[in-house]
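The first chain written gets the first letter, and so on, giving A, B and C; residue counts start at 1 in each chain.
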Amino acid sequence: MSFPILKLIAQRIALGIVLLFAVSILIFVGTQILPGDVAQSILGQAATPQALANLREQLGLNDPAYIRYFRWLGGVLTGDLGTALTSGQDIASSIWPRLENTLFLAGCAAVVAVPLAIILGLLAVRYRNGPIDKIISAFALASTSFPEFFIGYLLVYFFAVKWQVFPAISTVFDGMPFLQRLQAVVLPATALTLVVLAHMMRMTRAAILNVMQSAYIETAELKGLRPFDIIRKHAFPNAVAPVVNVVMLNLAYLVVGVVVIEVIFVYPGMGQYLVDHVAKRDVPVVQAVGLIFAAVYIVLNIIADIAAILANPRLRHPK
Amino acid sequence: MLDLKRIPLGAWLGLVLTGLFLICAIFAPWIAPHGNGEIVGDVWEPMSAAHLLGTDNLGRDLLSRMIYGARITILIAVLATALSFSLGAILGFTAAAVGGWFDTLVSRFVDLLMSIPTLIFGLVVLSVLPTNTLTLILVMGILDSTRVYRLSRAVAVDINVMDFVEAAKLRGEGMRWIIFREILPNALSPLVAELGVRFIFAVLFLSALSFLGLGVQPPDSDWGGMVKENKDGIVFGIPAALIPAAAIAVLAISVNLVADWVLNRTTDLKGGRGNG
Amino acid sequence: MAKTTTQTAKPETLLDIRNLRIEATVYPPGEAPKAVTLVHDVSLTLKRGKVLGLIGESGAGKSTIGLSSMAYGRGGVRITGGEIVLNGRDILKVGAGGIRKLRGREVCYVAQSAAAAFNPAHKLMDQVVEASLLHGVATRAEAEKRAKALFKKLSLPNPDTIGERYPHQVSGGQLQRVMTAMALCSEPDLIVFDEPTTALDVTTQIDVLAAIKDAIRDTHVAALYITHDLAVVAQVSDEIMVLRHGRLVEWGGTRQIIKEPRQEYTNALVSVHEIEHHEQKAEGAPFLSVKNVTAAYGGGAVKVLKNVSVDILPGQTLAVVGESGSGKSTLARAITGLLPPEQGTVTFDGRPLANRLADRPKEDLRQLQMIYQMADVAMNPRQTVGTIIGRPLEFYFGMRGAERDRRVTQLLDEIEMGKGFADRYPAELSGGQKQRVCIARALAAKPKLIICDEVTSALDPLVANGILKLLLNLQQQENVAYLFITHDLATVKSIADSIAVMYRGEVVRYGSKSKVLTPPFDAYTDLLLSSVPEMEIGWLEKAIAGRRMESAGN
């Protein structure tokens, strides 16, 4: 590990932090300054001017925008996400259990999808242009074209309704035994896996194929190495970075997919929480959840970039 | 140029299906056997000769709803795509051609927009904006234009450094000739293929929003909204919600097939030896 | 096992290829894939410790034949007929395991681009000894010792520590030598050298070539040396085989091939640089003068041209020679206004040219035309030849319709291409034809000066020769001047009237051709001139000896 590479990583992290701040501004601006009026939205068209004014005062809407932003940001940084307009509950304490649930669901999907995608990607490369490769790319075409709810409801229709092997609604609660919890998320996790699998597989295939077509693979072949050793010694060290990159980008994609899937399975996670409160126009909740989703997304992207930096021999061993 | 015999089977399928969907969308009032909001029978009647696809959660003819839904879905998706494309392509080409601070500024802002997942940002914005079709088109179009911007800028930058563009500049050609005669013809194929991909994305995005109850509002309904209307039937074994969902999938696959074919035609001018 | 029992008395003939036939599947645009034959029934034999040069233009099948000695086909290429007998057995019949045993042990490979052929993730030493360890030729310690000895023999700097470095930390010429060491390390019977010096600068090439030659001699390894440059192959091989379109043209001793070629094609390859051109006297006033031009990239950060002054006379050719990084192409960019000079001026017809391209009037632009190295990217792939040549006519002279088409036909005639080409797209032309179209496009503007930037270096020698002859003819007809940028001194000798030698952004020698090429030389010009391979047996030894003496004298 050398100095320039640490510097690069530090730069990338710093950039990520700057980006997070910029995103927080964007989310704040998006929810506060656009032509909608929060007070009006809450009280509806029939509200009296007096009621509106009171609410504005109560929400601090009469302060200049930047003051409201810093007030909000200060809260976020100290773990205070404010209170929900609709229920008056503390947002932070409602979010944490839901975040846990969402991460559990996404984690289950990732545990299945990541190894599966890499193995299938490798198979597609090994037998490229053969029937396996063709099937995989047809599957990829289908899956990028299917809306998440199509996959979700197909699973529900067959597995929950027709054959009744898994519950249609994924109820989880505090203190639920792990296995039971696992059984509850089988269907949503499967749906989520199907949503990201094809894309991840296709990108893995491309990344590995790119490495396999390098001249140094030919060199190894001409040294008489076995195909397996070529992959292990010569392709793998160069393919790690692009594959990690692919995985991270798809995990970020998975975070988005989770929103729709949670609604389908009525799963008590962040996604459903967000959608509910968008419909109710509960701005503080939307801001908080939006920021957390964006943060997860940005962090995964940073990890992807750092993986790429770490695996690049030119950066690891500078001249 | 275009030899009909050379169009592969997949592309044919895509073209025919896309055409069918378009015809449904355009001639909806003449094709649909019943009106859009007309209640013609019981709730969730099964498929029958009278109602080919059965009826929906309010007893409306599902086939007619599907045909009208095609109209709304495709119209909004087309408008959003048109917006995202013109916005993204114009800004992208300009950034590539002008360079300098303009390029930096726009590119950084696009990076920022893209650092938030599109659906999440869409939801955040829709939580304060009035829910109507115009808002939907604007939000979808603007958010998606970031991707078009990236692609068209990258394509234009690549072409801009080619020797033939330099040759044109040395000849003294103006900006118009360089953009429209040198760069655009070479950027067209990837952009047309991207147009297909963006349209699919718009369809899926709109459907997701409507499904979540934040897109097209009743009594109008696009396919995503129809999934939402009929989803409660699923647990009773009524597949009505699956039909609009499948329609979305078929439309997306058809357009994908066409886009793939257009993209593959790009390499036609090059040819070469494959990696058998 | 035949190999172990004959270890002491190996057959005299190392490699015997009989009636080799190689095919590949091609995918022509818009048509069904079809099989084409790349190599038609070629036979060759190679004795132990001898070097056979395989020479030919692109598409001759020389690399394909070379790789077949390792039973390897690149990119979907299949060996479909014949026998390849190596060390007494047909390697096409030994199965995948048998092939792996011979690769890296009996036959090793040196690629054209060592930079791409080394794995960026591993240290050089690990890659150099890999084959020796894999085949059990030596223990790690022995192999490393041998590798270091080879590094030393190949005159690599710091032979004891260079193995600890990663490929990207070592220069291209050095990597090529490390790759040779890698091939020699497992003490194979045969090495396939695939254009090992083609990507190198000429002054680097000579060192690598000498190192390879010494190493071959000292280790008694046999070699197949593949190249398109007859002068290079004449230095290292015992025999030369000339190939064309996958067929054998001529095969003989090196002396016979270069001195008494029996086939017309071989003769053409041998005499390729002999172009009749009498130097024109430097009379009259220059119409374009570059005065004290300094230019830099990155807002003055990287100076690439330092105080350069040259003149160009009407209807004459100024050749600018230098290696990569000498600033010769930057000079062209400064003259055309693509890279405005920081200091100095370019005067044209006695008045200064605007520094920036955008500030120049159309007439000035017309007078200065340019031809590029890569003809296929210098033409818009979406325009027909007619549009490409016709556009300058429209743009500068306002020609339209039939008048324009007539002139296009005329120009096509001048570049020795028929009228039928006007409707073709660039992708449908051969490399030489593309370059001709670019010449016609430049000529269409009726310029006073055409800047030719390495216009022949991407072409096969015979095609390049045709282009040079065409350029000389056109110069006489149209009285156009050329600024000819090249790294190839042989080209310069055949076409220049005056020469500027550039080195690290400066003109180190400048004058008429006869003056520049006559001693006494400055150190760099001497190095450059003495590095250009000559079609002479023993040239390499002489050149290296000359350089040693000189460095001893200094």
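Quick note on the criterion: a contact is a pair of C-beta atoms (placed from the backbone, for glycine too) under 8 Å apart; a residue touches a chain by one contact, two chains touch by 3 or more.
The structure presented is a predicted model; accordingly, all values stated were derived computationally and were not measured.
The chains in contact with chain A and with chain B alike are C.
Greatest Cα centroid separation from chain A: this falls to C.
One simple way to say how far apart two chains are is to compare their mean CA positions; for chain A and chain B this gives 23 Å. Note on chain placement: the centre of chain A and the centre of chain C lie 50 Å apart, centres being C-alpha means.
Per-chain Cα centroids separate chain B from chain C by 48 Å.
Multi-chain contact residues, meaning those touching two or more other chains, do not occur anywhere in chain A.
Shown for chain B are the residues that touch two or more other chains, namely 275-276. Residues of chain B touching chain A in their complex: 111-113, 115-121, 123-130, 200, 204, 207-208, 211-214, 224, 227, 231, 234-237, 239, 241-242, 245-246, 248-249, 252-253, 256-257, 260, 275-276.
Within the complex, the chain A residues that touch chain C are 214-216, 218-226, 233-234, 237-238, 313-314, 317, 319. Residues 70, 72, 74, 99-105, 108-109, 111, 113, 116-122, 127, 130-131, 134-135, 165-166, 168-169 of chain C are the ones that touch chain A when the two sit in their complex.
For chain A in complex with chain B, the residues that touch the partner chain are 19, 22-23, 26-27, 30-32, 34-36, 38, 41, 129, 141-142, 144-150, 153-154, 156-157, 160-162, 168, 213, 252-253, 255-256, 259-260, 263-264, 274-275, 277-279, 281-283, 286-287, 290, 293-294, 297-298, 301. Listing the residues of chain C that touch chain B in their complex gives 24-30, 33, 75-76, 336, 338, 357, 360, 362, 365-366, 368-370, 372, 374, 377-383, 391-392, 395, 425, 427, 441, 445.
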